[in-house]
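What follows is a set of structures to go through.
Shared between the two complexes below is chain A, which pairs with chain B and chain C, respectively.
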Partner chain A sequence: MIQNARVVAALSMRSLRQAFRRPQFLMPIIVFPSLFLTVNVGGAGRATDIPAFPDVAGFLDFELAGAIVQSTMLSAVSGGIALALDIESGFMDRLIAAPIPRTAIVVGRLATTAVMGVIAGVWFVSIGLIFGAEIQGGVPGALLVIVFAAATAAAWGGFGAALALRSGTVSVVQGIFPIVFVIIFLSSAFFPANLLLEPAKSISDWNPMSFIAEGIRDPIVSSISAEPVLEAVAAIAGVMALGALLSIWGLRKRLAT
Partner chain B sequence: MRGTWLLMRRAINEVIRVPGAAIPGILAPTLFLLGLTAVFGKLTLLPGFSTSDFMAFILPISVMQSATFSGAATGVNLARDIEQGWFDRLYVSPLSRQALLAGHVFSASLRALMPITAVVTIAVIFGVSIQGPDSLLLAVLLAAAFAATVACYATILALHFRTQQAAPLMQAGAFMLVLFTTSYAPLDLLTGWFQEVARYNPVRFIVEGVRQMSVYGVDWTHTWRALAALAFLAVFFGTLAMRGLVRASDPKA
Partner chain C sequence: MPAIEVRQLERSFAGGVKAVQGIDLEVAEGEIYAFLGPNGAGKTTTVRMLTTLLKPTAGAATVAGFDVVKQPGDVRRAIGVALQEAALDPLMTGRELMQLQATLHGIPKADAVRRGDALIERVGLTNAADRRVGTYSGGMRRRLDLGTALVHEPTVLFLDEPTTGLDPASRGAIWEEVRKLNSEGTTVFLTTQYLEEADQLADRVGIIDDGLMAAEGTPRQLKAQVGKPRLELSLAEGTHDACEKVLGRFGEPLPPKDGVVVVALEEGAAGIAPIIRALDEAGIVVHDLHLVEPSLDDVFLEKTGRHLEGADTDEQPAPEPEPA
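Showing the complex of A and B:
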């Protein structure tokens, strides 16, 4: 068990160093969501004047959750791309030949994605506080946001890893970038569900990303309430379970080739 | 003139021979058009919003996004030509530097026509009303000219970095210029410092010029402001691109 943890930690540290050495991995995670947050808040900031808009201190407070989930999903894709790069470069074959558990290879990568989620959470909470947002849930609320960001990144990371393992090519994993935006646009991540247009409104009621975004938003705009938090936990668990299953399937297929 | 045309034809051949390469340039603006309309569509309920149809309001952003990606793609292709040594061959050819630059940047205008047409067609299918053929023609011309301007900006980066890895900087940098305008709402409804950035961003006038197609209809004020902003950007980026080209071909210059 301890041996496995060491392998996961070592692989995770390697992936983290790799991410920080290549700015093209960090740029989509931090820079793009920050720019979109700026444009959304500056461009649609008066949305809080719409009568049906929820009671919030400011539009930035509302949008932070959207920026965080966007960043975590892009972390997941970046993690998948990095894994696909390892496969293309032959590093994965060396790991498979090494006397380590196969699952540690994927878990190590997902641990890195979770760390990227923490970085995203800390970044956006900090940006929010600097530019005048208020975390109504206080320090526990901010910590909950960061924990949710880490878990969300790891959960979606399973899908990125599965795709990388199954395809083994960077271009295929890169190709899912548009899907990230589709999932987010069809959720309440950027705007209240009751103000979305159809069919996004109906789809957002079932989209797990809506529950995750509301769970992250709740400690920021009100306080820590049981219902949105539990719904977010359930949604993250569901996404994580499906991602893990797909990753295991992808790993088996890769080992069989 | 002939050299410029041949370079433009070469760029168009790339699109014709690999039509699949045009798909991302159509997919991303379409996704933004439909996605942003679904998300921010109720912004039109705000008092002072200039139209009740948000898709009509945001369509110019998708059109400009198409132009931006086409312009940036020209820069990426130039960086590829530099990496592969093809551009060195053009340097030693009897082609003037002006013709070389013109061939590259005007090919962006031609390449932009396909995604612009696709995005406008999709918007019309989803119910956007075009304010007349003159406004449509003007919008297409403005967006195609903007693609050439973005190509100048991308050329500067390609000549500086000399690698395709500068692609995100070409695409994201130019697209942000488009987004930091009246992209989501009229100027009076923007907030904070973003409103001031949008007020003085010259790309805003081009966006408003293109918006004549789906919201305002053609009027002289929007048109001359768009043309003036385009001329300013074209001279600014064109001069820098030309300087970069001369320096790259003759390091002593």
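Showing the complex of A and C:
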């Protein structure tokens, strides 16, 4: 057990170093959502004047949750790309030839993706505070946002890992970028669900990303409320369970080839 | 107990491609066994099965006494593996990679640091240990890969084409290390497409072609199977017919090769002096002569009907410069 934890920690540390030493892994997680947030808030800042727009202190406060979930999904894709790169380069063979549990390879990667989620959470909470947003839930609220960001990144990371393991190629994992945006924009991450048109509204009502975004948004724009938080926990757990199942299936298929 | 025992091992891939078609082999403890064959012969597929990276379709294999299918964990603990195209993370330093490999093999941190440093020194990378692997030359990468394969002191070492693409100096360094490891008791199973490598390093050679074992034995035994040494003579113009007549008295004449007269020497090198005397007495001027021993390529030709790829080019890859 202790040895397995050591292996997971070592693999996770190696993936983290990889992320910090290869800017193309880290930059999309921070730079792209930050730019998107800047453009959105700068260009559509008066969206809060729209009748029926939720009662928030500012558009930046509302949009922070969107930037965070976007960043966590991009972390998941980056993690998948890094895993696919290991498969393409043969580094995965080095791990498979070692006397370690196979699941440690995936768990180590997901642990790194969770850390990237923490980094994203801290970054956007800091950016928000610097540019005038208020975290209504206070320090506990900010911590909850960061925990949700970590869990969301790891949960979606299962899908990235599954795709990497099943395809074994970087280009296939990169190819899911458009789907990431479809999932985000068909949710309430960047725009209130009650203002979306059909069929986007109905899709958003069932999209787990909406529940996750609302769970992250709640401690920022109001206080910590039980319903959105619990719904977010359930959505993250569902995504995580499905992602884990798919990645285990992908790993089995990869080991069988 | 043999270090490696393989019985009717097979591996098929999607589309019905049979990469390995039922091979048998045995490698004794402390032996260097070279698995020789051209690209696509089934060498790497065999190594991947023996190192538990790939499940066999049929047959059985044991490594260090453990079944590769039923006891893969035990096999992995017993073996060291350096795969083709050294699978190293270019963003890690040599020292980090060594530490990671040690952790994967359950070596406690203090031991891992000590062993890692000793191995880095052993493979001659002390000065480059804290540099990222991406800055290493091909030879340095192979040496690091070899070092990481040794971190848990394996009893059986698998080297998949360890010198492919390396310059002669780097190749020599790897050979020296392999010999040293073997002298310390490590069994070495290496695949190669270089005849010279198999000839220089191996106690025994297995020749694989098209997924089947074509021949097996010591290099000397294999060469002895394909015939005797031959003498190749470059002559003055217009003397070929007369020369062949003289040579016919000493051995079996062989077809001329690029204008060079060739004769098989029934009594080996001892037959050279009488031939030279006879040619001299017949007034035939010899410009050049070479004694050619049978090579593993001759063995390959005899067993498969074709030459091993690259055998005619002396298998020397382009030198690879070491970065500053």
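In this section, the second predicted complex is superposed on the first by the 257 of 257 C-alpha atoms of A that agree within 3 Å, B and C clash if a C-alpha of one lies under 4 Å from a C-alpha of the other, contacts with A are read in each partner's own complex, and residues count from 1 in each chain.
Convention: contacts are C-beta pairs under 8 Å (C-beta built on N, C-alpha and C of every residue); 3 or more make two chains touch, one makes a residue touch a chain.
Note that the structure is a prediction, hence the values are computed from the model and not measured.
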Chain C versus chain B on the shared chain A, clash or fit after superposition: fit
Inter-centroid angle chain B-chain A-chain C after superposition on A [Cα, multiple of 10°]: 90
Partner, of chain C and chain B, that touches more residues belonging to chain A: B
First (chain B), second (chain C), both or neither touched by A:98: second
Touching partner for A:14 - first (chain B), second (chain C), both, neither: second
Chain B versus chain C as contact partner of A:197, first or second or both or neither: first
Contacts of A:90 with chain B and chain C, given as first, second, both or neither: second
Chain B versus chain C as contact partner of A:256, first or second or both or neither: second
Nearest-approach distance, in Å, of chain C Cα atoms to those of chain B in the combined model: 16
Chain C-facing residues of chain A, complex: 3, 6-7, 10-11, 14, 17-18, 21-22, 86, 89-100, 256
Chain B contact footprint on chain A (complex, rising order): 24, 27, 31-32, 35, 38-47, 49-51, 59, 178, 181-182, 185-186, 190-191, 195-197, 199-200
Touch list for chain C against partner chain A, complex: 51-53, 55, 73, 76-77, 79, 81, 83, 85, 87-89, 91-92, 96, 99-101, 103-106, 132, 148
For the chain B and chain A complex, residues of the former touching the latter: 27-28, 31-32, 34-43, 45-46, 165, 168, 172, 176, 179-180, 183-185, 189-195, 197-198
